């Protein structure tokens, strides 16, 4: 059963098309992350699902019910915002109960639900405080609580952690994940942070220009990006791309010929193409053994990061990065031998940018 | 909270509602504004324009006279003087109000002592009506009682300062009182704007070694564009409406040296009982307002994109 | 207003932001305070003259100069201005107009602010096709001289059956207060984050629910500004009061005008000044009391966009 | 028992409605000392003579402040019960629109036609044979008021006509006196000029201009003399820095100024100040040259009211305003002449008696208010106030501009 279904959704502001003929099915109890850079339409899509924006065309279903033109409060959704959007003049308790009061629930039930949500989120001691007296993390918990008390089918998160510092962000991320495990609700989560996306999501939808580029599990997206955009977007540091041509199990780039016979091509494997290889998939030292592609490169810049070290260099005349162990002793100007496993690489058609 | 917007619970959300009734409550709530805009501002303006082509005297009548009223208007010396006065007063008032308002605000913003006291002193005249302003300045500027009298009695018998009785400088007399009444409010707007500027900007300017005055002119003022626009709206709307102050201080005198368009309109409509002429003058004022404002309003409000 | 994120302006309002002048009696400081004191003298002078004059007797006024403090303080002019000064055959001074002014003021201030705040709210959060057009018309309305509107509005009020009544005048004040107040509220509510508004919609609050429960409680700074502007404007109004009502409900300014402009033999400057001060007392008090809030509110609403 | 109380109640009811007391709001712009005292006489007569109450709606300033308020009130459909308006063309349109009450019935019953003198006053109230206003008084502009004290201080004799005054003016100025007191308001400049026109150019030339609207006469030699005299008057009055007419009058009363050209209402100010005509001040009708007076004046109009109670009370008010007692009491205070030829004015002072004599001799001219439209009058006012305040404005230029305006008069 689908929890949320979107059918050929269009949204235009004047002549600017923000969502283009978009289809999406979200399973019951799934944690779906909408990922993309700013302006890709991910927040717009979320607002459409919430009913805060009217689509130009298309349909939205929640729990098999067509909600395209229903009020936000009639859709059975709860929403958490980036800026928390707590009502500043109401106490935490007031914030939590506002929606329930609007729905006309009896007092006793409101109290019970508020208490339950407060317990889950461990904000019981804060109930009488005003939002201004809370820390950022506490505020976001209250914001989540506000969605929680509503006892809804679908949770919508609009970049809920962006305003927090790194440590808090990591903590709350885990908490959200636990919450999902516990509640088993459908959650739709918008973010531009791929770490959040990878850690939280059952599936990730990567968006660009009002369309979904790829909808898959994090692992699939990481390992088998459907197109060059997704490949470049996911992964940090991002994927290296080498420009060249494909023919008969050989990739020619910058005068070098790489043997890629082990790569499982999905279609035709000739013509101009780009080879993508993640920096962490580049082998050095003992790992070189048996790799069909090997080369000596000169180290240009070293970025030690503690657990590992990033090395900037040039391969086949193109800028190239790779990752080494943090303990490796390496300096600018050193020459080092690297190797690439073609099965871990990705190839994209130069023109269509699709995965080959 | 009973809420008509959320009240009609529709089970079926598949059909788009009639766009007219989408968020109906908000449209109903905006009705007073829509009616005011349409009936009062557009309707009454249209009514005025239509009647400017009539020979209406005491009562509005539709006895068409074509452009006669306009022809007469532009042949009337008092109208021409009124326009000239308004232009002069307007330019001076605009410049001085902005400069004084900003200077005072900048001075107050420099972590001075007694800021609240100074601010109150600069602002209180704004609480007083033009009748009061006119009366007190009329008195201070009265040559037989006020400044001139006092200075002369101190021994400077040749001292002359009688702007309200000297046609060539009467506008400055009005300006002294007008600035006294109006600059405080502009100062507050400016002060609010200055307080909204990030302190880092000051730090950056100090690090770069830019002198204070230069920082104000090159950095701070350009950052305060919206503030200046608000101030500009407040000042210019006051200038165009200039009427009460003139009536209270000089009644247009000496002679007709301090007449202004709004007073011409009022006098022609009600005193001369020549509505048509008054409406023609009003229409010219409206036209001037429209020429200045419509492009600005379009840029400021009309061209804004969704975000 | 504790959540500082919601009104970034208020965060920056705690104190002056300009460069810190050097301490002690430097040349720069002398110039700074010198300029301020000279300007303050210009602004304070008329008030001083009004007060001093209102405490003098007529003979003293004729003799001395207007800046000299009174030799012999008398409250006679105040008494006369309040309860004895004549207009025509009525000799009861300003007192008859005071309560009329209060009666006009209260509903006018409340209604005009209520309408304008709803307008500003609708314009910032519930835009509909054409809403900006109406707003632009209102903005141009700020510049239309009142004289142009007097006549058509007489006809309008007559057709509505409100002419001459208190409510007719309240309506006129509401209409003419609308453009500037709507601008203030619109700018203020625009600065309230959209997410707050969205959250409330998800929570099932509708137009009025959000207005009363979320927006209005947040609008205190701008409400203060609107109130101050309207109280001064309406209290000081003469033209509308005299044209759209009748003698039983003439505001205080009509009596002020009558006292100031009906000269019985000689101009009684002391009585005029006392009358002037008495009339200005209400708005002046409000300014002296809430001046700080005024600056704050302006910062929060007026100077954006 | 029951029936009796019922009957009593019924009687009380009928008697109450028979003598229903109505509040009548009366607007006017008479707020100077003499004016207010005069209007109080009307209010007293009305309050004492009827069961009704006079609600005073005084609006200070001048006619130009009050007139828009009055007209708006009438148009707004919530009119006052009675209002002052200068009669003549001002109210014509309001009458045509049927907004003013027809007083013909009461005028005929009380025989206004027979008592109003000069009859032109009632004519100005008449439209299509019906009477719409009650004339209150006769005001004439053609007076010059001279301060005995000022002349005594300067060691001069009080002049008896304009030429003597003009000759004495430089000496007055030397003695530190303002020769001619003038208020700054436009209507004062225009009025004074009108007075000088009749006195200097003569009645015939004046009539040709004002009644026949002949602009050529304006350019003629008689009027040239008027403009030259006005330029002299301008010089005489250059130190008179007051706005209001009664402040100017006060300069004369206190001997700071030698003279003022002002209508007979100035007399009320002299009276309030306790001055006696002939002893403390001298009045010269027609500037002592052409002894005529115009017969302008004030009138009361009664806007139509739906309420029959009010209508009845309005008629009572009209009747009282025209009564002999009220006419005498009012006009003695105001310094104007009564509109009835049949009243006893033995209490009048020297100046009023001079006026009455001229009136009885038929030395009257119509007032500018009646002869020209308000629009043209305002244009003349603008012209003359500018001329009067700007010493560089030459008489020749002013004469041309004046002729141009007259040429456009209907």
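So that you can tell them apart, the chains are marked A, B, C and D in the order they are listed, and the count of residues begins at 1 in each.
Just so we're on the same page, a residue touches a chain if its C-beta (ideal position, glycine included) is under 8 Å from a C-beta of that chain, and two chains touch if they have at least 3 such contacts.
Remember, predicted model here, so these are calculated numbers, not experimental data.
**Q** Could you work out which chain's C-alpha centre is the most distant one from the centre of subunit C?
**A** So the chain farthest away from subunit C turns out to be A.
**Q** Determine which of the two chain pairs, A-B or B-C, is joined by the larger number of C-beta pairs in contact.
**A** By the number of C-beta pairs in contact, the winner is B-C.
**Q** For subunit A and subunit D, what's the span in angstrom between their mean Cα positions?
**A** The computed centroid separation for subunit A versus subunit D comes out at 89 Å.
**Q** Between subunit A and subunit B, tell me the centre distance in angstrom, where each centre is the average of that chain's C-alpha atoms.
**A** The separation of the two C-alpha centroids amounts to 53 Å.
**Q** With centres defined as the mean C-alpha position, give me the subunit B-subunit C separation in Å.
**A** 15
**Q** Between subunit B and subunit D, tell me the centre distance in angstrom, where each centre is the average of that chain's C-alpha atoms.
**A** Each chain reduced to its C-alpha mean, subunit B and subunit D end up 38 Å apart.
**Q** Could you check subunit B for residues that touch two or more other chains and list them?
**A** 1, 3, 5-6, 22, 266, 269
**Q** Going through subunit C residue by residue, note those that touch at least 2 other chains and give them in order.
**A** Only 150-151, 155, 204-206, 209, 213, 257, 260 qualify.
**Q** Can you list the subunit D residues in contact with two or more other chains?
**A** 68, 75
**Q** Of all possible chain pairs, which ones touch?
**A** A-B, A-C, B-C, B-D, C-D
**Q** For the complex, which residues does subunit B have touching subunit C?
**A** The contact residues of subunit B facing subunit C are 1, 3-7, 19, 22-23, 25-27, 29-30, 32-34, 36-45, 47-48, 60, 100, 103-104, 106-112, 115-116, 118-133, 135-137, 139-140, 145-146, 149-150, 153, 180, 184, 188-189, 191-199, 202, 206, 212, 215, 224, 226-227, 230, 233, 236-237, 240-241, 243-244, 261-262, 265-266, 269, 275, 278, 282, 285-286, 289-290, 293-294, 297-298, 301-302, 304.
**Q** Considering the complex alone, what residue numbers of subunit C touch subunit D?
**A** Going by the criterion above, the answer is residues 86-90, 150-151, 154-155, 157-158, 163-165, 242-244, 246-248, 254, 257-267.
**Q** If you look only at subunit C, which of its residues touch subunit B in the complex?
**A** Touch list, subunit C to subunit B: 9, 12-13, 15-21, 32-33, 35-36, 39-40, 42-47, 49-50, 53, 61, 65-67, 115, 118-119, 121-123, 126, 128-129, 131-153, 155-156, 174-175, 178, 182-183, 204-209, 212-213, 232, 235-239, 253, 256-257, 260, 269, 272-273, 276, 279-280, 283-284, 286-288, 291-292, 294-296, 298-299, 302-305.
**Q** State the interface residues of subunit C toward subunit A in the complex, per the touch definition above.
**A** Of all residues in subunit C, those touching subunit A are 1-6, 193, 195-196, 198-206, 209, 213-214, 217-218.
**Q** Given the complex with subunit B, which residues does subunit D contribute to the contact?
**A** Subunit D reaches subunit B through residues 63-64, 67-68, 71, 75, 90, 92-94, 97, 184-186, 241, 243, 373-375, 377-379, 382-383, 385-390, 393, 401.
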